[in-house]
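Next, two complexes with chain A in common: one pairs it with chain B, the other with chain C.
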Partner chain A sequence: MLITILRRILYALPIALAVSLFCFALVHIAPGDPINAILPPDAPADVVDAVRKTYGLDKPLPVQFGIWLWKVLQGDLGKSLATGRDIWPDLSGALQNTLTLALAAAMIGFPIGIVLGSLAGAFRGTWIDRACVGTAVAGVSVPHYWLGMVMVVIFSVTLNWLPSMGASQDGSGGWSLDWEHLQHLVLPAITLSVIPMGIVTRTLRGIIGEILGQDFITTLRGKGLRRPGVVVHVIKNAAPQALSVMGLQLGYLMGGSILVETVFAWPGTGLLLNNAIFQRDIPVLQSTILVLAMFFVALNLAVDMAQSLIDPRMRRA
Partner chain B sequence: MSEIASTAPSGLIQAPARAPAGYWSGVFKRLKRDRLTLICAGILLVMLIMILAAPLIAPHSPYQGSMIRRLKPIGFPGYPLGTDELGRDMVTRLIYGGRLSWLLGITPVVMAFVIGGLLGIIAGFAGGWLGMLIMRVTDVFYAFPSVLLAVAISGALGAGIFNAILSLTLVFIPPIIRVAETVTTSVRVLDYVESARASGASVFTIVRVHVLPNVLGPIFVYATNLISVAMILASGLSFLGLGTKPPEAEWGLMLNTLRTAIYNQPLVAMLPGLCIFVTSICFNLVSDGLRGAMDVRS
Partner chain C sequence: MRDVPFARRDLISGAAALAAFAAMPKSANAQGEHVLRYGMAMADVPLTTGQPNRGAGAYQFTGFTLYDPLVGWEMNVDDRPGKLVPALATSWEVDPSDKKNWIFKLRPGVKFHDGSLLDAEAVLWNFEKVLNPQAKHFDAAQSAQVKPRLPSVASWKKLDDMTVQVTTKAVDALFPYQLLWFLVSSPAQYEKLGGSWEKFGFEPSGTGPFKMGVLVPRTRVELVRNPDYWDKTRIAKLDRLILVCAPEDLGRTNALLSGGLDLIETPTPDAVPQLTSRGMKVVGNVTPHVWNYHLSMQPGSPWLDKRLRMAANLAVDRDAIVQLMGGLAKPAFGQVDPASPWFGKPNFKLRYDMDAARKLVSDAGFSKSNPVKTKFIVATSGAGQMLSMPINEYIQQSYADIGIQIELMPVELEVLYTAWRKGAADPSMAGISANNIAYVTSDPFYAIIRFYASNQIAPAGVNWSGYKNEEVDKLAAAITSTFDVEAQDKMLARIHEIVVDDAVQVWVVHDTNPHVLSPKVKNYVQAQHWFQDLTTLG
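Entry: the complex of A and B
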């Protein structure tokens, strides 16, 4: 077991390294001299030279990558061009908000997806199946930024039930568990939950349908096992795959919330990215992408490990 | 009915190198009976004809606005779907907007189908260090959620149609490589490929005659499935200001500029998103229908 875990970690390390290389390269694929990504175009020449030196931009690229990576590992993500502040404090606050939103969306989307997918898998070919699959297809096909606007029109503009912008009344960045913050969370969380709902439904329908068609289920029924007993066997067999899909979906929620956060002005990483794009603040863009991607790599690793813990067959793979 | 049932499966069980006529006629017969897929394909076809014929059928200019008829409601005389925040006709804008939205949604998938399919087939057929290299690089791109990857690349490159297409192509290449590699690997070990090799066929001939006809179908079906996501992502990039720029008409961008109008004309403001939704869901259902008719296991 320990060896399995170690092997998984060893396999994730080169991926993490390559991901950081990609993020490092983002500054260099931006058009023009990377110094333009750090300084305004009208900066005096001596300042340009000084900054070039402090950022190590006069050194060869591999050395630059090494220096950048070393700093990142020590928690130094550099400074924002727009505000001049350190990136990490702002980013960590935004990360918490995005995580809150993603978890809330997961708590809405996963249970609904599990129920719809199980129903569809158990009643294949019936109208129940068609209704569940239809909901799932609508969920994965809807442009969620548009769905967000529709929700705002219905619940904020027309009915005036829920707030449409930000995470709190005063617009402060922090989040805590109280009525006001929960109210602000409802619309963005529901909007963000439709995609994982659709994907979990589709996946579970496939898994459950496949398991129910297998010989051992027929055997169990033939032996006279009642319905609840069969259900336990189905759950046991479906859990590993279902958990891995949901784990990955949580990662997609974290990284994919940029559009929904933009619609609702939710003070998370998505809004941070959006502002960074508008202000051409490449260091903030780079750091945010790096942290989100690393989170996704870590989540993948955790899913892998959880899967091999639950399912002994996975350990050999 | 019984004739369909008896011919279709036998064509699949044999799974010969070159699909016989029976396979495709079976596919078409199954598609013909799939009413939902046909309806969706019909909607898409009508949309395609409309956006291709935009200059002929659009009642107004897509750019010419008017300050006195801004944000008119749906059903306003002469402007059946109202006007946008600059007084431009919504019918015209939506038809013209479809051009860029379709271009931005479909081009990346087509390019990724060609590039990713090629790389995946190479990785699957050659195996060894080359296959290993291709698949490990693919793994790295899998470490990014697709929205994040698209935003990262086009955010760094800056706004523009070309950059948006480039970044979306890069997003869709890795999943297509994975599918192509999996299918090719499963075909490579089949007996008829082995016997072709034993009878002295060159690698090129084996790939052309035995591998390609059997792997292109599944890869194609998978790629059609991606169009739906691509439409949403492409319009999403424009929505963020990373795709097309004003005054160009594009559904995502129109949705963004109309956001300010949700208090005055919510129904008009929702129209571009509805277009994206309908297109995306139709592509999704057509892809599902194709998968079913071609009997491709995911």
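Entry: the complex of A and C
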């Protein structure tokens, strides 16, 4: 197991390098100029040149990338071009907020998805199946930024029940389990949960339908095992695949909440990325993507480990 | 009766509980403090170290609240344009023996928030901070913001403890306007914090009417009244002002409607009826800004033909665009508003006259069936660009009716800025004949000279078109060596008359810098500027 973990960590290094390089290249291929993150737009040419030199933006791109990479290897993510602040404090705060949001969305979306998927799989072909699948399709089809806006109009603007933006009333940047913070989490978390809910539903429906059709289920039933006992076997067999899908979905939630965070002004990595993209704040962009990519790799590793623990067949593999 | 898990009374009591939560006090003024929450159209809190980033509009937030300039702007009037007023300098005058030397007398007894005194050394330290890269305390981030605003400064020196001399590179009568952007931070606080601008950003010290409470990057900054502020007419009416980052127009508007904010800038235009129906007050004023097209004067550009330039101005229904903007704009009849002393009396009256426009296009040899074809680079959206694409598409349709076929090339605002600095002559602008940057027109240089003087042709400045007119050049040079403000105004007005009569640009609308105030906001004076005085909020 230890060797597996070490091997996976080693695999992560080229992934990190490739992600960083790809991101760096993409940002520079796109039109625009990182100098816009620093200077007023109407800065005269001599000032632009001087500032470009001060920030090392006059150096060849491979050199800029090399300098950035060398600093990262020493644990220094650098400073934001737009604010001059160290990137890590802002990024770590944003990560915490995004993780909070992603976990909340997972806690809503995964259980609902599991229930709907299990029902659909168990009652395949019935109206229950159609209702569950319909809900899942709606979940993955409705653009979540649109859903977010509709929820804001209903629950914030019209009913005035829940706040429409931010992560807390005091804006402290931290998070704690009280109503002051929870009320800010409700709408973005529900909005973000609909896609994983839909995907988990559809996945589980397929897995459970398939397992229920297998010979060992017939054997179990033939042996006289009652329904709860059969369900336990079905769950045990479905768990590894379901876990894998949910792990991936959690990763997507971490990296894919840009629109929802923007709609709700949720100060997470999505909003950080969004602003960095529009400002061409390349160090922030690269660092955020690198950290999210590493998180995704780590999450996959954790899922694989969990699968191995649950499913002895995987350990043997 | 069926056994259901939830009875109706459970649902009602649940809803009541939720409503009770919602009714909990949302504002932070539960203890009798007078607090307002202001939604800024910004993704991050502007720099708090002295020189704010994020444009002219950011100065009202972390500029003139925490700090003061040497020369201030009159911001507490709304019925006329403001003017230069004494701030940390009680007076300024040009040295008659060498008009490149400006003498500033500093205000005695002014203290920074940390208790240290303002003196000539502190002012020199601040010039070093942003203009001398060799200085130990040089801050590249602040320098990047203000160096472009101080193009004339050559050197600085102390004449006595309370007098500073600044020497300009050439005679520049407009120099005091540049100092509006130069804000003074505390050297003592910087030293106390171990010479770290990053720490200073979290514990800033200026001389302004507010001190900083809490800064949460990307989220909010809390400003606390400075009861010892030197200008007793600008003591803040609020105990605390919370500036909240709310970059999305719709999100900001919704937060105001749901009680999460007390006032906002720039609402979504289509929400105005809903806002007013909820008792909100929409406030705007003449604002130095213009939404326009700069037309290329490069070889091959169709706009070298003045008839087409005039036609393009006549084919814009400005009132309809104001309507599209929900009333949050003013028709533009030139680079500046007619209320400006620099407007003058242009002969070419900008109006909506499609027949006249068609005739001019026809005289130029084109028609609807044989249109002139060209490309405009425009912003998809962004600060100051208002409803960029709808307005552009509306004008595109209108132009098609008179025989001008425009292909819009939408780009991100940041990309458009880069194009703006490069100028129409740059090879990357091949085929593009107009640029749609909307911008600030706050002082003689920013409103007039930088766009029409030939020494400002891009990339040296932002005369994007490459416009050149000898009379304009002579007037621009004369303005910078004329120290009489009235005479300056007359010359600026003459330049404005020339460029409007020459239809150098297509002028469409001016922003009104709209704000929406909830009934909780009792007082707010909106100056005719991007610079606003938040001490007037009550």
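Points to keep in mind about this one:
By our rule, the second predicted complex is superposed on the first by the 245 of 317 C-alpha atoms of A that agree within 3 Å, B and C clash if a C-alpha of one lies under 4 Å from a C-alpha of the other, contacts with A are read in each partner's own complex, and residues count from 1 in each chain.
Operating definition for what follows: contacts are C-beta pairs under 8 Å (C-beta built on N, C-alpha and C of every residue); 3 or more make two chains touch, one makes a residue touch a chain.
Just so it is clear, the model here is predicted, and its values are computed rather than measured.
By the touch criterion defined above, A:31 reaches both chain B and chain C.
In the superposed model, A:149 makes contact with both chain B and chain C. Of the two partner chains placed by the overlay, only chain B lies in contact with A:293; chain C stays clear of it. Once the two complexes are overlaid on the shared chain, A:4 sits clear of chain B and of chain C alike. Applying the stated contact rule after C-alpha superposition, one finds that A:279 touches chain C and leaves chain B untouched. With both structures placed on the common chain, the touch criterion links A:157 to chain B and to chain C. When the two structures are aligned on the shared chain, A:43 is found in touch with chain C, with no touch to chain B.
By the touch criterion stated above, A:96 is placed in contact with neither chain B nor chain C. Of the two partner chains placed by the overlay, neither chain B nor chain C lies in contact with A:135. Residues common to the contacts of chain A with chain B and with chain C across the two structures: 31, 149, 152-153, 157, 262-263, 274, 278, 280.
Per the touch definition, chain C reaches chain A in the complex via residues 18-19, 21-22, 24, 26, 28, 43-44, 47, 53, 55, 133, 139-141, 143-145, 147-149, 151, 197-198, 201, 214, 216-220, 242, 244-248, 250-252, 254-255, 257-260, 411-415, 417-418, 420-421, 437, 439, 450, 458-462. In the complex of the two chains, the chain B residues touching chain A come out as 136-137, 139-140, 143-148, 151-153, 155-158, 228-229, 232, 235-236, 239-242, 252, 255, 259, 262-263, 266, 269-270, 272-274, 276-277, 280-281, 284-285, 288, 298. The part of chain A that touches chain C in the complex is made up of residues 31-33, 36, 38-45, 47-48, 50-51, 54-55, 82-86, 89-90, 93-94, 149, 152-153, 156-157, 159-167, 169-173, 179, 183, 262-265, 267, 271-272, 274-275, 278-280. The part of chain A that touches chain B in the complex is made up of residues 14-16, 18-19, 22-23, 26-27, 29-31, 137-138, 140-147, 149-150, 152-153, 157-158, 206, 251-252, 254-256, 258-259, 262-263, 273-274, 276-278, 280, 282, 285-286, 289, 292-293, 296-297, 300.
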